[in-house]
Structure formats: structure tokens, C-alpha cells
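Take a look at the structures listed below.
You will see subunit A twice below: alongside subunit B first, and alongside subunit C after that.
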Partner chain A sequence: MTYFLQYLLIGFLTGGLYSAFAVTVVLVYKATHVASLAHGQILAFGAVFFYWCIAVLQLPISVSFLVALALAGVLGFIIERLTMRPLIGEPLFTSFLMTFAVFMFLDGVFNLYVAGETRFIPPFLPQGNMGIGKLIIAEQRASNFVMTLLPALIVIGFFKYSKVGLRMRATAENHRLAQSAGIRVKNIFSIIWIFSSILAAVAGIGCATIMNIHYPLPYNGLKGLLVALVGGLDSIGGAILAGLLVGVIESLAAGYVDPLTEVGGTSEVVAYVLLLFILLVKPYGLFGLARIERI
Partner chain B sequence: MSVILSLKNIEVTYSEVILVVKGVTLEVQEGSIVTLLGANGAGKTTILKAISGLLVSELGKVTEGSIEFRGIPIQRESPENIVKMGIVHVMEGRPSFDQLTVEENLIVGASSRTNRPTEIKKDLERIYSYFPKLKALRKKISGYISGGEKQMLVVGRGLMAHPKMMLLDEPSLGLAPLIVKEIFEIIEFVNKEAGTSILLVEQNALAALSISSYGYIMENGRIVMDGVAANLKDNEDIREFYLGLSKVGKRKSYRHVKHYRRRKRWLG
Partner chain C sequence: MRPCGVFDERYETDMAIIRTWQHWTILLGTIGLLFCIPLFASYYFISLLNGIFITSVMVLGLQIIMGYCGQVSLGQAAFMAVGGFVSALLTLKLGLSFWLALPLSGLSAGLIGLIGGAPSLRVKEFYLAMSTVAIHYVIIWLITHLKITGYTQGLVAPPPAIGNFVFNTEERMYYIILMVTLLLTFYARNLIRGNVGRIFIAIRDNDLAAEVMGVNIFKYKMLAFFVSCFYAGIAGSLLAHWYQIVNVEQFTLNHALLYIGMIIVGGMGSIPGAFFGVFLLRLLDEFVLTVSPMLAHKFPQLGMTPAASLGVMCFGIVLVLFLLYEPRGIAHRWEIFKASYRIYPYRK
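Here is the complex of A and B:
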């Protein structure tokens, strides 16, 4: 029983990272109807920016954090301006492929930078362990969980309660109608890309504290897309829940199924199996928007 | 009275091939209601989209002529700027932001103008005083309200932008006769109360002509007739083809179908 709870807890904490990243994908999808692959790279670059600031330039933690987020925001803004904006009005699939192209391009840049090495982000979160009853929690994991998920929650609040957030939601629903109501849809797209890039960078820093900066880091971003698909591409709440769900299931698989097989690694697959079944039963994901249609 | 909107000889082409509007000239006087009548596919909606700038998202383009709003040419402006200048287009099929509540829909309508909560609140109160029904529905998801309520909502959302001029595309489409009556009363009310000039596109010709001061008849992308609304209502051809009334003023019955067909007396 203790083991079960321990696996649950670990999965939950890992799931927070997935959630945070899935939220960025969902944000972009909601507003622009493009499922972005590029954010996987923005995630990795956020971590690199942070590494530069804290390890190379030796800036204080809070400053490094803010600078990294700002740089990621700028990166997102540039990507939107250069690659997404010219494609407004073209079929959405084109935009999707463009995000893939951006992913591949930045992947090259990223690999040039890491050059097969691993860079370690100096530990900046609490390192000890704390216990609740018989359970053990690594403090680093717990603070990571808070650090990545909190900004996501703030953004959700912003989306829900601010005027700009309202315009974003209106734009998400119908671009043309939003235009006719006087909303500057292109500006909304820019804002969304900046916000989502900042969130991706936070998730990236969270990821990198656990698995360091080396070549597979951007591919974690792709898992965000998977989680977003499980939760339903246009539901932020769904993305958070799905992230936690995927985290827990992976952790349980690693704990119970992996020892039964010779090679292990079921935890790597189980998320995709989950996605397969969920898409079979609910094609719009667990919490995907059911279009309101009055007949 | 001055002219608030004038279209001079405009041509609209879709995808650079399909000529939909062929040299239309029309004028709207400040503070008046003008009706644009015509069969399906005549190009009425296209004209409204040309004015509001929404053609662009459909690969349409004003290729010839000019559209002037208070003397300023607007055919190159973006839809957002046009809203800001004071023209609001209430589209056909009364589209609302279905996932947002009624009140949120209204607030979105003020996007072009202001961000200040106090002003928005004042405007909301004004809209609720025009349409008391909306006040009761304010927290409801707008996708679930009825057609008539939705029409009020989209007109209300348009008014949130403080327009000088409103383009209404078939507001009575698919509504029950009693609701249609209510909608037309609202249009008249908005025109009088807020002093908004209105360009109305309608299929319900009789109702539209009775609230407007001037009318244009379109066919195949051309204006084929125009005149003071009262005169149009009495015009033999209009009565026959648009109002469904025969010479005697009674409803037409197939028992008395004439042996010859009345022909339109204009070149379409």
C-alpha cells in the first residue's frame, strides 16, 4: 500500500510538468486552431536561456528566471511574426506543418549548441527529502511541481477573468466574428504566442532541473502535445487533469509492470496506449469541447 | 441631413474571377434607415461585407469604385479599424460567441472602444434597458438562448461599440412572425434612440420597407430600382415580385393565376 501511494505521489509530481506543458499547447490551439510542435523547442530554449543566465553569467536565481522567461517570450513572438502570421488565412494544416518545420530548424540549432554533451543546471531548488507518514517526497520535485504549475494557473485565471482574456476566448471561438466585433485578431495571436512561450519556458526549466540539458529535452515537449490530445485539445482544465493522469499511469506502470517484463520501459509506452483508447472512445479527448448546436 | 455612407460604382470580385457586384451606387443619409432588397444571390450580403471589410477573409475584393464613410474612403481599411470608425456589421444568421455568456458577448462588443470597467458597466446598463430580456439571461451561455433573444444579443453587442452606422443582415431570418415584429420595433427604436443610421438587408420586404425611408432593389449584382420606401411599396412591380401581392392588393392565389407571366420592367 505504501508503495502504491508512493508511486501515485511520484506520478502526480511528474504529471504536474506534463500538465504545465500541455497547457501551453492548448493555449495556442484554442486561439489559433494550430497544434504547435514548435513549443517543444521553446521549452528547451527556455531551459538553455536559464542555464546561460544562472551558470554562465552567474546571475541571481530570480533574475535568471525572469530573463529566461522574457527571452522565451521574445522567441515566441519572433516565431509567430516570421512563420505563423504570413500563413493566416491559409489552410490550418499548412500552419501545423510550419510549426513542424520550426521544430526541426530549432532542433538543429539546439543540437549545435549542446553538441552531444550534457549541461547541468546548478541546483537552485531545495534538495532535501521530506516525509509524510511513510511517504517520501523529494523537495526538489515538490517545489518543481509548484514552480511549473503555478504560472499555468495564473494564466488560466488571466484567461478567465481579464478583458484581454475575454477577447482571447472570443477570438478562439470565431476569428471572423471577433474581427467584426472590433478585436485585433492578429494582436491576440501575438499575445497568445508570447504567453504560451513563457509558460513553455517555465516547463522547460522544470524539466531541465530533473533531466538536465541534452539532446532529448525538446522531445519532452512532444509529450505535452500527447497530453493535450488526451485532455482534449481545447480544454485547459482537461490538459491539467490529463497531465496528472498520464504522470500517475506512467509511474504505476514503471512500478508494477516494468519489473514483470525483461526489458522494462512499459512506462514509456503506456501514455500512448492510453491516448489510443481515449481517442477511440472520445475522439475530442476527455474534456474536448462539445460544440454547442441548437437544432 | 448629410450623407453618412456612400458607395460609388463599386465592383466586388471573389477569387479575382467571380464578379458578384457590378457597379453599385448607393447612399445612406445620416440617421435614416435604408433597405436593400433582392432575391437570394443578388449580392446584398456581399455589399455589406464590402463596407465592413469582412470580404478579405473570403478572398473577396473591391476592385472598382469607392466606399466613403463621412467622406473618408474606407475600402482599404481593416475590419477592426472600420468598427472603430463607427460601422458595425451584424452578420447574417446572428452569430454569437456561443461558449461565452450573454454578458461576456456584450463586453466583447466594446473591444474596439474602451477598456474601462465603469464605461463598460454604463453601456451594459444601457443595453439592458433597451432589451430587458437580456438582463434576465446575462449569466446564460449564449449558445443556448433562443433565436429571437440571440438577435437582440447581436444587435446589443453591435451597439456596445457606439456605432454611427449599423449594417443589419437579415435580422428576421427564421423567426416567428411575432418575434419578427418585435425585432423590427427594436430596429426602429435603435435608429431613433441611439441615432444610428441603418442599412438593412431583408427578405421580408414589406416589413423592411415600412420602417425605412429609402429602398434599393438589387438583382444579379446591380441596383435595378431605387426610391422612397413608400413609393416602392406602391410600385406595381415590387408588389408583384417582392411583396407577393397582385394588383388588387389581395394575396395571390393559384386559382387566379394569369395566363401570361408578368415580366419585370427593368433590365436585370
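Here is the complex of A and C:
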């Protein structure tokens, strides 16, 4: 029982990272109807900026955190301006391919920077362990969980309760109607990209503290997309729940299924199997809105 | 667009793939030239061509599923891996000859592709793309975790042979690869001009409308998946026996993304477009390979081997530019060029 709860807890904490990233994907999808691959790279670049500030320039933690987020926001803004905005009015599929092209370009830049090495972010979160009853929690993981999910919750609150958030939701509902009601849809797109990039950067810093900066970091973005699909691409709450669910399932698979198999490693694919299953049963995710299509 | 005075007078001429005697001359001339290349070209050039042709087979399959049927598949590299591993297993463990293993590997990849295409029953576009990514990871995971596929080391694939004649050099493999490519190009062109191709295009343009018109969408989507995965399997088998080794590192998700990029650059929904895309991006690769040592020499802070990352970067830039300025790819430019010389001296 203790083992079970321990696995559950570990999965829950890892799942927080997935949730945080899935929220960024959902934000962009809700507003622009484009599922962005490029955010996987923004995630990685957020981590790189943070590393650059804290380890190379030796800035204090809070300053480097803010600088990294600001730089990521700028990066998101530039991407939106240069590549996504000219495509407004084109088929959505072209925009999706464009995010993929941006992903490839930034992947090249990222690998050029990383150059096959691994960079370690100096430990800036508490390092010890704490215990609740018989359970052991690494304080780093726990604070990481809070650090990544808190900004996501703030942005969700902003989305729900502020005036700009209201405009964003109107834009998400229908671009044309929002435009005719006097909302500047293009500006909303920019704001969404900046916000989501900042969130992605936070998730990236969270990821990098656990798995360091080396070449597979951007591919965590794919995991985030997967989680967003499991939860439903247009449901923020669904994204958070699905992230925790995927984290827990992976952890349970690592704990209980891996010892039974010959070589182990089932936790690497169990999330993908889950996605396939869910897409077959509930095509628009657990909490997604079913689309009604007309000719 | 036809030149003045060229009309289709019979149904056969209307349906013909090759319409005029000029076409026949150019086609036969090109094929003849391709067959003569090993007589004068260098070893390196031939191996480059081998790579290009194998990739072309792969991309032709992707063109059918993505360019014509409109279903995004990011899992093609995994299906290619299935073909390669099945072919290696059949020749190595069962001792079948390559000539039997080649079509069998295509068929098995196609059948696995049917499983991969099953989500297309319920989802499309982006959702389908992600589900094929999931299938990619599942297949690659299985390959690296099964004993029969040699875990991560992969397998050794013996070179093809007829009697005592072993196809173990680049020139000899070149002829096999060229023949298969020509055959499959013809088959793709033939598939697209007929009933099936029209249905694929209808599904791409509006699947709901196609269903209302009486098309059994699921059947034809599955057919598209089968055919494209068959192509991927054949390409995988050729690759395995060409390198004489098959390993999951040849079939990463990056490869699948690269193939999608080739489709975009070449132009979706065009058979020559597949070749344009492959040629252009391979040329870009070669260019980067020649330039990057100089760059590494000039700017030592780039690291010793910037070629791989610079290649991906250039690939990304080319994709962005194409999507912004010519979303229909080189094939569209090629059509414009053909139309303009056919109606010369007039202009549009």
C-alpha cells in the first residue's frame, strides 16, 4: 500500500509538469485553433535562457527567472509575428505545418547550442526530502510542481476573470463575430502567444531541473501535446487532469508492469497507448467538445 | 493546359499517362540516362542517388496518404522500420531470398499500417497526426524491446543475390533500387488517375461531402493507409539491404518529420512533387555538408560538427519560406512553367 501511494505521489508530481505544458497547448488551440508544435521548442528555449542567466551570467534566481520568462515571451511574439500572422485566413492545416517548420528550425538552433553535451541547471530549489507518514517526497519535485502549476493557474484565472481574458474567450468562440464586436483579433493572437510562451518557459525550467538540458528536451513538447489531446484540446481543466492522469499511469506502469516484463521500459509507451485508446473511444479527448461538422 | 491544336479524340488518349511522342522521347531518354549513370558517375554520386531513390519511394507513399487522401501520417518512419526489420528477419532467420522478402515486407508494413490507420475512423487532421506519432513510438518501442529484432543493436541484412551474383556494391544496388522506384512511381501514377485516386482526392477536399456522395470513407482511408505503408515497407526493405544493417536509428521521428517537409516543399498532391521535394532537400543536405566544415573552421564556437544541427536549421528555414510564399510547393511552379511554354508565344 505504501508503495502504491508512493508511486501515485511520484506520478502526480511528474504529471504536474505535463499539465503545465498541456495548458499552454490548449491556450493556443482555444484562441487560434492551431495546435502548436513550436511550443515544444519554446519550452526548451525557456530552459536555455534560464540556464544562461543563472549559470553563465550568474544572476540571482528571481532575476534570471523573470529574464528567462521575458525572453521566452519575446520569442513567442516573434514567432507569431513572422510566421503565424501571415497565415491568417489560410487553411488551418497550413498553420499547423508552419508550427512544425518553426519546430524544426528551432530544433536546429537548439542542437547547435547544446552540441551534444548536457548542461546542468544549478540546484536552485530545496534539495532535501520530507516525509508524510511513510511517504517520502523529494522537496525539489514538490516545489517544482508548485512552480510550474502556479503560473498556469494564474493564467487560467486571468483567462476567466479579466477583461482581456473575456476578449480572448470571445475570440476562441468565433473569430469573425469577435472581430465585428470590436475586438482586435490579431492583437489577441499575439497576447495568447506571449502568454503561452511564458507558460511553456516555466514548464521548460521545471523539466530542465529534473532532466537537464540536452537534445531530447524539446520532444517533451510532444508529450504535452499528447496530454492535451487526452484531456481534450479545448478544455483547460481537462488538460490539467489529463496531465496528472498520464503522470500517475506512467509511474504505476514503471512500478508494477516493468518488473514483470523482460526488459522493462513500459512507462515510455504507456502514455501513447492510452492516447490511442482514448482517441478510439472518445475522439475529442476526455473533456473535449465534440465538433459537429457540416458540409 | 494544352498547347493549341492538341485535343483528346478518344477515351484512351484522355486517360493516357503519357500523351504525346515528345513525352515518350523525354521519358525513354531519361530512363535510358538513369540506367547509364553508373557507367560514368562516381561512387559517391551513385550512393547519393541510391539514398534519393529510396527516400523517393517513401515520400511517394506519403504523397498518396497525405497529398492525395489528406490524412497526415507522422508514423511513416515506423512503418518503414517494420518493412526493414521484416525483410531482414525473413532473409536472415527464414533464409528467404530478397526477391520474396521485398514484397512481403511491403505487405506486412501495409497490414501494420491498417492498425495505424484505424484511428482515422474517428479522428482527423491534428488528432490523427498525434495518433500516428503515438503509433510511431509504440512500434519503435516494440522493436527496441523484442529479442527477435535484436533490441537496440538491430539486425544484419544480407545483400540480395541471384545465384552467385551478389548485389553488394553501390552500382549493383543502384539497378535494383532504380527498377523498384520506376515501378512504384508508375503504380502511384496509375492509382491516382483512376477511380481510387479520384475518391482519395474527394476525401481530401471534403470527407463529409464525399461520404454523402456515397463513398465508403473508412474503406478508402484504410486503402490509402495500406498503400502508403506498403511503399514505406518497400523503402525500408531496400534501405535495410542497401546498408546491409537495419537499426532503429535509421527510423526516428525526425526522419518522419523530414519526409513531411519533403512533401511540403515538393508540393502536396503531385507525383513529380514528391521527387522535387526529395531532390531539393537532399541537395540542401549536401550543401550544408560541404559548407559546415568551413563554418566550423571559421567559427570554432559552433563546435566540431555543426552539420546535423545546421542541416535541420536550413530545413526549417526552407519550410517556413515555402509555407509563406509558395504553399503549393515546387510542383505548382512546375505546372506554371509547363503552361507558359505550351502556350508560347502567348501569355496568360
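The rule is short, and it goes like this: the second predicted complex is superposed on the first by the 289 of 295 C-alpha atoms of A that agree within 3 Å, B and C clash if a C-alpha of one lies under 4 Å from a C-alpha of the other, contacts with A are read in each partner's own complex, and residues count from 1 in each chain.
What we mean here is this: a residue touches a chain if its C-beta (ideal position, glycine included) is under 8 Å from a C-beta of that chain, and two chains touch if they have at least 3 such contacts.
Keep in mind it's a predicted model, so treat the numbers as computed, not measured.
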item	value
Subunit B versus subunit C as contact partner of A:L225, first or second or both or neither	second
Partner chain in contact with A:T94 - subunit B first, subunit C second, else both or neither	second
Touching partner for A:I183 - first (subunit B), second (subunit C), both, neither	first
First, second, both or neither for A:M104, with subunit B first and subunit C second	second
Partner chain(s) touched by A:L280 [first = subunit B, second = subunit C, both, neither]	second
Touched partner set for A:N174, first subunit B, second subunit C, both or neither	first
Where subunit A meets both subunit C and subunit B, residue numbers	293-294
Residue numbers on subunit C that touch subunit A, as the complex places them	72, 118-119, 121-123, 125-127, 129-131, 133-135, 137-138, 141, 145, 147, 151, 206, 208-209, 212, 253, 257, 260-261, 264, 302-303, 306, 308-317, 319-320, 323-324, 327
Footprint of subunit B on subunit A - complex, ascending	89, 163, 166-167, 169-170, 173-185, 289, 291-294
Of subunit A, residues touching subunit C in the complex	35, 83, 86-87, 90, 92-94, 96-98, 100-112, 115-116, 219, 222, 225-226, 229, 233, 261-263, 265, 268-269, 272-273, 275-276, 279-280, 283-284, 293-295
Complex contacts: residues of subunit B adjacent to subunit A	52, 54, 57, 78-80, 83-84, 88-89, 91, 95-100, 104, 107-109, 111-113, 115, 141, 143-144, 157, 161
